[in-house]
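Can you read through this structure? Questions will come right after.
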Amino acid sequence: MSEPLLTMSGIVKTFPGVRALDGVDLEVREGEVHCLLGQNGAGKSTLIKVLAGAHQPDAGTITWRGAPAVLSSPVAALRLGVATMYQELDLVPGISVAENIFLGHERARFGFSRRGAMRQRAVGLMRRLGHPEIRPDREVGLLSAAGQQLVSMARALVHDARLIVMDEPTAALASDEVDNLFRIVGELTAAGVAVVYISHRLEEIRRIGSRVTVLKDGRTVASGLPADTPTNELVDLMSGRKVEAVFPVRQASTADERREVLVVRGLTRHGEFRDVSFTVHAGEIFGIAGLVGSGRSEVLETVFGARKPDAGSVTVDGRALRPGSVADAVRAGIGLAPEERKSQGLLLELPVAHNVTLASLPAYSRAGFTDRARELRDSRATLERLDLRPADPRRLVGTFSGGNQQKAVVARWLVRGCRVLLLDEPTRGVDVGARAELYRLIHELAAEGVAVVLVSSEVPEVLGLADRVLVLREGEVAAQRPAAELTEAAVLDIVMEGSAVSEIADVTEEAV
Amino acid sequence: TSNETPQSTGAALAGASGANTQPGKQVTIGFSAPAADHGWMAAMTKNARAQAEQFSDVTLKATEGTNDVNQQIAQVETLINDKVDVLVVLPFDGKALTEVGRQAMDAGIPVINVDRIFDTPLAYRTWIGGDNYRMGVNAGNYIAEQMKAKNIANPVIAEVAGIDALPLTQERSQGFKDALARSGFSVGPRVSAQFTSESGEQQTSNLLQGASRIDALWNHDDDQGIGVLAAIENANRSEFIMVGGAGSKNMMDRIKADSSVVKATVLYSPSMASSAIALARLLGQAKGIGDLAEHEIPALITTYSAVVTKDNVDQYMDVGFDS
Amino acid sequence: MVAPQRELTAQQGVGKAPPSPGERKWSGGLSFDVRLAGLLGVLLVLCAVGYATRPDSFLTEANISTMLRLAAAIGVVSVGMTFVIISGGIDLSVGSIVALSSVWMTTVATQSYGPAVMVLCALLVGLGCGLVNGLLISYGKIVPFIATLAMYASARGLAERLSGRRTQVVTETGFTTFFRGAFLGVPVLIWMLALVFAIGWVVLNRTTFGRRTFAVGGNAEAARLAGINVKRHTALVYGIAGLCCGIAALMVVARTTSGASTNGLFYELDAIAAVVIGGTLLSGGRGTLIGTLIGVLIFTVLNSIFTQNNLDTDIQNIAKGVIIIAAVLLQGITARRRRVLKT
Amino acid sequence: MVAPQRELTAQQGVGKAPPSPGERKWSGGLSFDVRLAGLLGVLLVLCAVGYATRPDSFLTEANISTMLRLAAAIGVVSVGMTFVIISGGIDLSVGSIVALSSVWMTTVATQSYGPAVMVLCALLVGLGCGLVNGLLISYGKIVPFIATLAMYASARGLAERLSGRRTQVVTETGFTTFFRGAFLGVPVLIWMLALVFAIGWVVLNRTTFGRRTFAVGGNAEAARLAGINVKRHTALVYGIAGLCCGIAALMVVARTTSGASTNGLFYELDAIAAVVIGGTLLSGGRGTLIGTLIGVLIFTVLNSIFTQNNLDTDIQNIAKGVIIIAAVLLQGITARRRRVLKT
């Protein structure tokens, strides 16, 4: 084997009150896909930020191609040949795709932008990424999550880097987009570029990974493992405990399963989805599958009243809801755990406890005054249940790792107690162990008689949890069947049918 | 009192005469005025300071000028707490500071109320100030005379007022209107500026655009007058006569030179601040005004708004303030 | 994905890594925060300077009472402004609303009904203007800056029209006697200031309403999806700010025994400055009322020092700017030092 | 992912659903935007009103030239303010910097060196003050509101001190002759306004510096991670704003033939209002200079209509507020109508 491209050893990084990295070692070779594994909050993102020059380590050494390197700033890292796709997308919403790609190293002559040159290069990159329909002049803020992820990717590619770091790039992607991403990764490694890859989806690691490094509580617990190490072993290393089955066995529900709780009839929003109808019974888990951009989130938000439907009705326990009124939906007992945890879910500047009780404030107050002791007690219990680390309800949510933030969003609806719970990608970025716990909680809720609607981009998750599944394709209901009658391959067939190319980014502009 | 002024200070100062020239007991005078945000008000503060310098037996405590009555009340209270001997107060709003004036009088500190008058004589020992209404009247009379002399039957008479929300502006405008009405004239286009040259230029530019011909224009304040004149020059207009207000040195120079549209200005001199300090000293030393038969200083002193024209300008040069 | 945390405090980190201020824990409650300690330090230093320059008069009861009574009106306005800014808005119209309330409550007609009606009138006018702001912003979807700018012009215009630009003296002695009086040796105005602050603090930190205010300012979309009626809440927050202006109008009228359209000049700037110096984020979602109170007091003490030491106005202005900068830098340094000591 | 787009325009959506794709249009460059069209509509309506009420004088060449000359100074200041606000900041000190520059360039000493030095002096003073703001904000880490508030007080104080609060008349006739003159029949001031806008537009939309300004304002952390020197950039943006104030000072001095510490009063409010009405987000990252220009013109035309129709100040104020609201609502409605027609 050749000399390692990058060696990081003994890296320490502390934040006030947290030792995020406590002596991490990492070794990456040319042309390999090196996977970083670890629970939520293990320090993966912090480590790659040190590698990207965005954080300065408190201790430790970094060696690049055998020579010691100091990554004092993002520019220094880029100059060395390290390009990074951060977990939290680091794009500027108000400027164009091309400008985002070239941000910080714009092509210019005497300070004047060479817009043509940049545009051309951007077109080439988007074509290479398989999405020529994302035009370079398009404003990034208008792209879907997947589209933005592609721009991030293009930005990493434009640098001709020796090492590309990808922090959970597939969290916002559905299966077809994941395939597309892996094709690019394959091209890169074939050209000798090294990739550091972070994901909580172990099957992805098996597909593309070369070697695996496992982090736990800011330390390296294993490095250089082969990518085909058995799941049990990896999970064991990550969490120090065993996770028996990912999808728990259903308990017999005590509620009357035949009672219809949520009835959706002919729901339509022009340009987003048409004529969506379904019924969810008490104690039932109802899954919605589909590609990114098929309109699943929009359906959930419309049911919740956050968007006003153009046609159709929503009924809860026989009472028709006022269209477009969140207040009415909440009164009827609907809860929505939204998809975008940062823009739609969290109050980053507030403590976790306040975030958790946000939707149930009336229940935690007497005559308008908040019962802070009970609030703290309940949220601490919920945090512990979801294994949210550190389980300190007074910490600001903004200081938690991505996966832990996601748990806080879901926790909000667990303490609330709903008749109908709408979950939009509840496990995005959540580690394997916590995921199993979340599944168990969803089952428990159903067993208590709650009607659960689950949207997920991971087909096995939908099939494993739901009683019945609805498949959306380009805003239309393509199928609605009991989960037992479906397999992953069958769902993907339905999803792909008639749409060779998915339209991720832009429906309004020319699709190829 | 005479007006023997050392020109070097650039301020119009009051002298002391007779026995009053002798230094007496030390007097601490508290002084409070609105923000010195335009030339006239700045001249008031400056005159007060300069006058206090003149006397070896006077210590002046001048507070930060403010246009917030609430704040000015606190400042006067601070001066009362400080136990000054005499207070000289030019209130931003006379009515609003009445109570604190009375508080001072009740605490045994005589108050000299300058210009904007308190609501009740209980709040001041002596008031000295100008007569805004008469200023308007004098400006109106002068313009009416000129119009008649020129035989203009239906003159268009414009007015550039000061800050409209201040009572003094309303009094000036009222006097102006009343005086014109006596001659059968009325005020035509009218704008209000902010006592600053920039606002004067801006408002006058608009005014001139709206009125293709005017015969006379009264501008309330010579400070904003610089801007008013600039606007007139910018518009290349000269068909009318202009009368100023307050009496700045700059305006008097122009009247003397007689090369622009400015033909007169109506005095409202900041020299009253100098007089107020001189009076305060006398009050503090329990003296009267030398030339008067009274043993006591009078309760009300109104300065006169003379009309300064080319003919008498030399006589008034010394009270002209730097705008 | 992160809404950029651009400003954290009066000291910010432009383009720094997401700053990690002290222990990043919630300190809305009583618990004392490093930053607030720094701010308090600045206030104490200023007091020390005042005492050093005027040992005879600065820390006397009379002067302290004068300072607090001066701080009362702007303090009450700043309470309302703190709510508005935490909720993610801004209110430029506070000064004009104070003027309008003070004029309306002192018209001859209102005064003829006696003191109780005068008080009610001021409060209702303030509340009304605030609600109009709130409705324009939440239901009319006009950005706060523009909506309150419009109110800034209109309310003062209306005040001028109502009063005919005259200063209206209070003839109703019952009103003046009460509000200019004292209770247990402490002036009524100071009681009112304390009361408004106390109520504001409880509402902001101990009630559902306050909690929602932080949520709306921190992330309006998240708040909406959590079932909070963001529009109604926004409207109410501006209503509170208006109500505070009504209370401030009472105080101004009591102090000046008159209502005038020139009252409340520059209150918007003073109040926003006090709130921001106090550590509340202009971008919303974070802030404390205690910081605001200290911010108000810092400006009041500064003024008093200037007045007592007889400084020229122009020097005062220059010094004010320099002191503001020094104060904020000082806070930053103490905060950093403390952080180092702790870890 | 990307910072939530809470405000879209002067009309915002508090707690509205994230706008659906069709509604999310925004155009930064030349391409004409529905919103700008609405704004232009408001301006045209105002012009029509002006013409209807004063058909004899309103749309004359002389009046248009007067209006544009009056718009010149505040227009130039607004160009700088647009840069600052797009970069995510705010500048309260513009008016004071105009005052200081105008005073400094008209001191007897400066005037004795002739017109060129006067011009240079104004530009350097403006640039210097702007850079001080910028350094305090970027390297001193003081929030823009506070840093520029300090400059607001200090610069005006310094101007008062320098001038002794006198209005300093320009005696150097070369200066006045040039700047009050005309070129090709168009007054020099209007040329300057046009030039500053044109250069500003090119810098903002066609240079790396301009595009980075959007990035710094839209997501400072992302800009930093992309290797942009955010601190230096921020300092420069405030420098530009200061330079614009210096240019505006030239214009004010030319118009009033004098420099005074009272120049530039309320420019900060007027400039921010014009920028915000013009559709630039106060939260940074989005905005257009064309919108700003239209915003400035709207206020200028409004003033002209008021004076030409001889309205009382109080009525003017009330009307101003109402018209601002109406204009913003009207924009919103036209924007919505257009959108419906499109789909």
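As written, the chains take the letters A, B, C and D, and residue 1 is the first residue of each chain.
We adopt the following convention: a residue touches a chain if its C-beta (ideal position, glycine included) is under 8 Å from a C-beta of that chain, and two chains touch if they have at least 3 such contacts.
To keep track of the chains, here are their UniProt names: A = Sugar ABC transporter ATP-binding protein; C, D = Sugar ABC transporter permease.
The structure presented is a predicted model; accordingly, all values stated were derived computationally and were not measured.
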item: Chain separated most widely from chain C, comparing mean CA positions; value: A
item: Distance between chain centroids, defined by C-alpha means - chain B, chain D (Å); value: 35
item: Chain centre separation (chain A, chain C; CA means) in Å; value: 42
item: Whole-Å gap between the CA centroids of chain C and chain D; value: 28
item: Residues of chain D engaged with two or more neighbouring chains; value: 1-4, 18, 160, 165, 218-219, 221-224, 228, 313-314
item: Of all residues in chain B, the ones touching two or more other chains; value: 36, 164-165
item: Residues of chain A engaged with two or more neighbouring chains; value: 54, 88-89, 306, 340, 342-344
item: Interchain pairs in contact, sorted by label; value: A-C, A-D, B-C, B-D, C-D
item: Chain B-facing residues of chain C, complex; value: 57, 60, 62-63, 66-67, 69-70, 73-74, 160, 165-169, 176, 180, 252, 255-258, 260-263, 265-266, 303-304, 306-308, 310-313, 316
item: Touching residues (chain side chain B, partner chain C) in the complex; value: 35-36, 45, 60-65, 67-71, 73-75, 77-79, 81-82, 92-99, 119, 164-167, 170
item: Contacting residues of chain B [partner chain D, same complex]; value: 36-39, 42, 46, 164-165, 189-192, 194-203, 205-210, 212, 223, 226-227, 229-231, 233-235, 250, 322-323
item: Interface residues, chain A side, partner chain D - complex; value: 52, 54, 73-75, 78, 84, 86, 88-96, 99, 103-106, 108, 111-113, 115, 139-142, 145, 148, 172, 269-272, 301, 306-308, 340, 342-344, 507-508
item: Partner chain C, residues of chain D touching it in the complex; value: 1-4, 6-7, 9-16, 18, 88, 92, 136-138, 140-143, 145-147, 149-158, 160-161, 165, 216, 218-224, 228-231, 234, 269, 272-273, 276-277, 282-284, 313-322, 324-325, 328-329, 332
